[in-house]
Amino acid sequence: MNRITILVNSLKSFTTQNWFSIFLAAGILWLPLPLPEKPPLERHIRIEASTYQFTPEEIHVNAGDRITIELVSTDVIHGLSLDGYSLVMRAEPGQTARATFTADRSGVFRFRCAVPCGNLHPFMIGKMRVGSNIFLIRAAALGLLGIGVAMRIPSTSFRRPDKGPL
Amino acid sequence: MIRMDLSKSPYIAPFLRNRWPQFLIRAVTLAGFIFTILTGLIGSEVGSNNFAVIFVWIAWWSALKLFFIPLGGRSWCSICPIPMPGEWLQNEGIFKPRRFQSSKRKNWPKALRGNWLQAFAFLLIGLFGAVILTSPRVTALILLGLIIVAFILSLIFERRSFCLYLCPIGGFTGLYAKLAPLEVRAKQSVLCAQHGEKTCYQACPWGQYPLALKSSANCGLCMECLRVCPYDNISVNLRPWGEEISKGSKPTLDETFLGLMMLTTALADAAIFLGPWGKLKAAAYWVGTSAWWWFVIAFLLGALFLMPGLYLLAVWSSTRLARSGSTLRSALTYFSPFLLPLGLTGWIAFTISFAFTKFSYILPVLSDPLGWEWNLLGLSGKASVGEISPLSSFLQVVVIAAGMFWAARTARQLSSSHRQVMPLVMFIASFGIAMLWLLVG
Amino acid sequence: MVVSRVKKVKQEYWARAILLVLIGAALLIPFAGKWLQAVLDDFPTLVIHARMPENGGWSPNRITARVGEPLKLRLTSEDVIHGFSIGKMDEPSVEIEPGKVVEVNLMFNQPGTYTFYCTRWCGENHWRMRGVIEVVGEGTPVVEDQPLYLKIGLDIDAPHPAEEVPSNSVDPQQGSTFARLLPSYAFDKQTYRTSSPAKLWLRLRAEQKLIELSDDEIWNIVAWIWEQQTSPELLAEAKQLYAENCAACHGETGKGDGVMVRDLMPPDTEGHSSGERTRPPDFTDPNHLFGASPALLEGKIIRGGMGTGMPYWGPILTNEQIEALVSYIFQFAWEK
């Protein structure tokens, strides 16, 4: 029981000492940013799938765009499954597949091959970016905040080796 | 010093002291290992439907990176089946503890000691990784090769030479064990001073002397010392994360090199497997083609020159900024502990991204291990494609940010001033942001 | 804890026994499963592994069967999705997924040589992925009629530019209104099969009864005659066949721009006589297609291209399927 109270107390003191950093971290992760919105468009994107490669491998669209994807397979049967959207397509060479959806969720979503097409099939990946890459910026900011917090901790709890301080 | 001795707990102690629980687990892992080799050799050639590929590279790898290492350090080594046939032969029995007269084998050559061989073994896995991770045959052959080599080495050399000096998994498991919250230490050194026979040292398959054990890197948590000590002077402690590196450990050059190797391979594997660059994947996969040779050159340049070069630059800048008189070589090893939390969190985030999307393959492959349309558990449905969920993205970000914090804190503690730590901080920030970009960008 | 010597020996033996049992189980499970499956099989069963042709194709690719005896095939793919079907039997194909096994039950009533083939595109050599089933036993063997192009001695490799092409779009409906004026040979299937649209147009143009009709109206008649030889159902079936088998090279719109031929040179307008592999010709070009008779197109489909890359579909497609396909192909040019 003793050790649990020690743990709880240290957690409490950590929180009170670093409340600002914790607040900042929450803001970095979840504060909605009033970014300028681009008007939604109708897009036709032709994606070619060959073994282990989507071409283009990255597509950028605006939030709210109505997107029609044409999936063209060039060697064997491939598929396309889009993370975060319930979109699954399958295309055989000679039979282009078409599907339409609205990009209502922002962020970076990976699309993957949905039909076994060889040994590296689970790694046949492309990226779709809806809007700006705010998630990555938030993540990087969080990491830098972590570094900043680390700089504040005094280096007293450390015993230098015999060679002496550098 | 916050420590909690698990060997004192009435619930846990029996599992540590009695040899049966550990043996039963080892028997199961050994049988599982053999089963894995067999399914890899004769089952379907399709990786995602073969027990060998799914269990080794998804299930076991995730368990290793997400549980065994962060929570137990070198805990997998205590139940790993690879050294067991050799060790049982060396001890002349399953339950016989090791004694001086048990095995008269050679000592491992001095020149080959340290982490160098393990670092290069891990580099090889990186070079052939695209084929190894996706082919059941190759996976099976590598496992077979490992157990045969381990067995042959145990006939020639003493103790667990394979585990200590060759096993690529052992290399980084040992390295990151320094951060983990589990350790085996002697309790009272006074008792050890009185004890001439040193049964603990005789019994240890890792060749460690528990009294002198300062680092958890080479202790495989096998508990043999605990069992044979006549004074019950060995403790198995829970300790805070990272305490070992913040207490002025003396890393060696080979550990530094291995730490850098782990960073490079984390970035490379994230780019190859999780990136959208099909040409890179094809180059990494088609071994023997000219594209693959270019990939090899790029990979080796990155691993042997670029990453160590950047680290060298950061450390050199740090030494210049402090205007100290120490040599560059000593500074390289002195600062290296911060590489460990950076690498461990990078690999954990990579595993979350890599493996979470493929967990749906695990149950079907248990139901149909060879891809022969069996249905042992009634679960042989089609595995879904899998996707990165928002939760998984969030976890990756938090883990990498935590790693950047932890590494920066370690670097700060090792430095004499804010100015001195800045180049190291830039190295840490670059790696962290690069990993974030590859995984969630 | 002091454990007696006897107890220690007993523990050691138990431990070794458990180890042997577990390792034995690990070794046995795969083989036991195989044996059990073989025991439970009620028919003779054959396991066939499907791989891309570059990696071996069908293994095995020669099978023997007996008339009237059931044969079970267990099909699995070792790389990509394949499909299985037997030529000239008009049965739906089965899809073979990697790492999974599908079973097909076969029964042959007539002896002969049957071809089985892959029905899902598995690379540029997909059409080469074929195997043979030799069926022996009693019964009348399957007899194949000689293709028409051989009977009439047609050189299907000769270039066939159209002598005349329509200058405007055709209207078969309008052409049907002149039915009563047409000579009897216009309704004969043999005429249709052996005449190219351009040749038939020239023949009709020279007819006395049709002399007052415009060139366009004669084209409408030819288009109507072509339409009579098929039906919407057959065209729908042909559309499916074309999409699955032909579109990858010939293009989804018939232009000869399919994904499999993108890297090849554009076609010689004079035919595939240059010796180099080129793209297929453009079906939407009447100058090319209207110089070909249905017999010529049938011949090309049946025999293949002699080094051009065009597969030979003789053992695969039934005559009805080939006829429907020919009508469908002509549609590309008619609809221009």
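A, B and C label the chains in the order they appear, each numbered from 1.
Following the convention adopted for this analysis, a contact is a pair of C-beta atoms (placed from the backbone, for glycine too) under 8 Å apart; a residue touches a chain by one contact, two chains touch by 3 or more.
Worth saying up front: this structure is predicted, and the values here are computed from it rather than measured.
Enquirer: If you take the mean of the Cα atoms for each chain, which one ends up farthest from subunit B?
Expert: With centres defined by C-alpha atoms, farthest from subunit B sits C.
Enquirer: Mind naming the chain pair that shares the most C-beta pairs in contact?
Expert: A-B
Enquirer: Report the inter-centroid distance (CA atoms only) between subunit B and subunit C in whole Å.
Expert: Subunit B and subunit C have C-alpha centres separated by 53 Å.
Enquirer: Measuring from the mean C-alpha position of subunit A to the mean C-alpha position of subunit B, what distance in angstrom results?
Expert: Using C-alpha averages as centres, the distance is 27 Å.
Enquirer: In whole angstrom, how far does the Cα centroid of subunit A sit from the Cα centroid of subunit C?
Expert: Using C-alpha averages as centres, the distance is 44 Å.
Enquirer: At least two other chains touched by the same residue of subunit A: list those residues.
Expert: Residues 116, 119 of subunit A touch two or more partner chains.
Enquirer: Return the residues of subunit B touching two or more other chains; collapse runs of consecutive numbers into ranges.
Expert: Residues 46, 48.
Enquirer: Could you tell me which residues belong to subunit C and also touch two or more other chains?
Expert: Only 79, 98-99 qualify.
Enquirer: With touch defined as at the start, can you tell me which subunit B residues reach subunit A in the complex?
Expert: Counting only subunit B, the residues touching subunit A are 2, 4, 46-48, 130-131, 134-135, 246-248, 250, 272-279, 281-282, 285, 318-319, 322, 324, 326, 330-331, 334, 357-358, 385-388, 390, 393, 397-398, 400-402, 404-406, 408-409, 411-416, 418, 420-421, 425, 428-429, 432-433, 436-437, 440-441.
Enquirer: Inside the complex, what are the residues of subunit C that reach subunit B?
Expert: 1, 8, 11-12, 15-16, 18-19, 22-23, 25-27, 29-30, 33-34, 37, 74, 76-79, 98-101
Enquirer: Subunit C touches which residues of subunit A in the complex?
Expert: Going by the criterion above, the answer is residues 48, 72-77, 92-96, 115-119.
Enquirer: Quick one: in the complex, what on subunit B touches subunit C?
Expert: 17, 20, 23-24, 27-28, 30-32, 34-35, 38-39, 42-46, 48-50, 93-96, 369-374, 382
Enquirer: Of all residues in subunit C, which touch subunit A in the complex?
Expert: Per the touch definition, subunit C meets subunit A at residues 52, 79-81, 97-99, 120-124, 243-249, 252, 258-260, 262.
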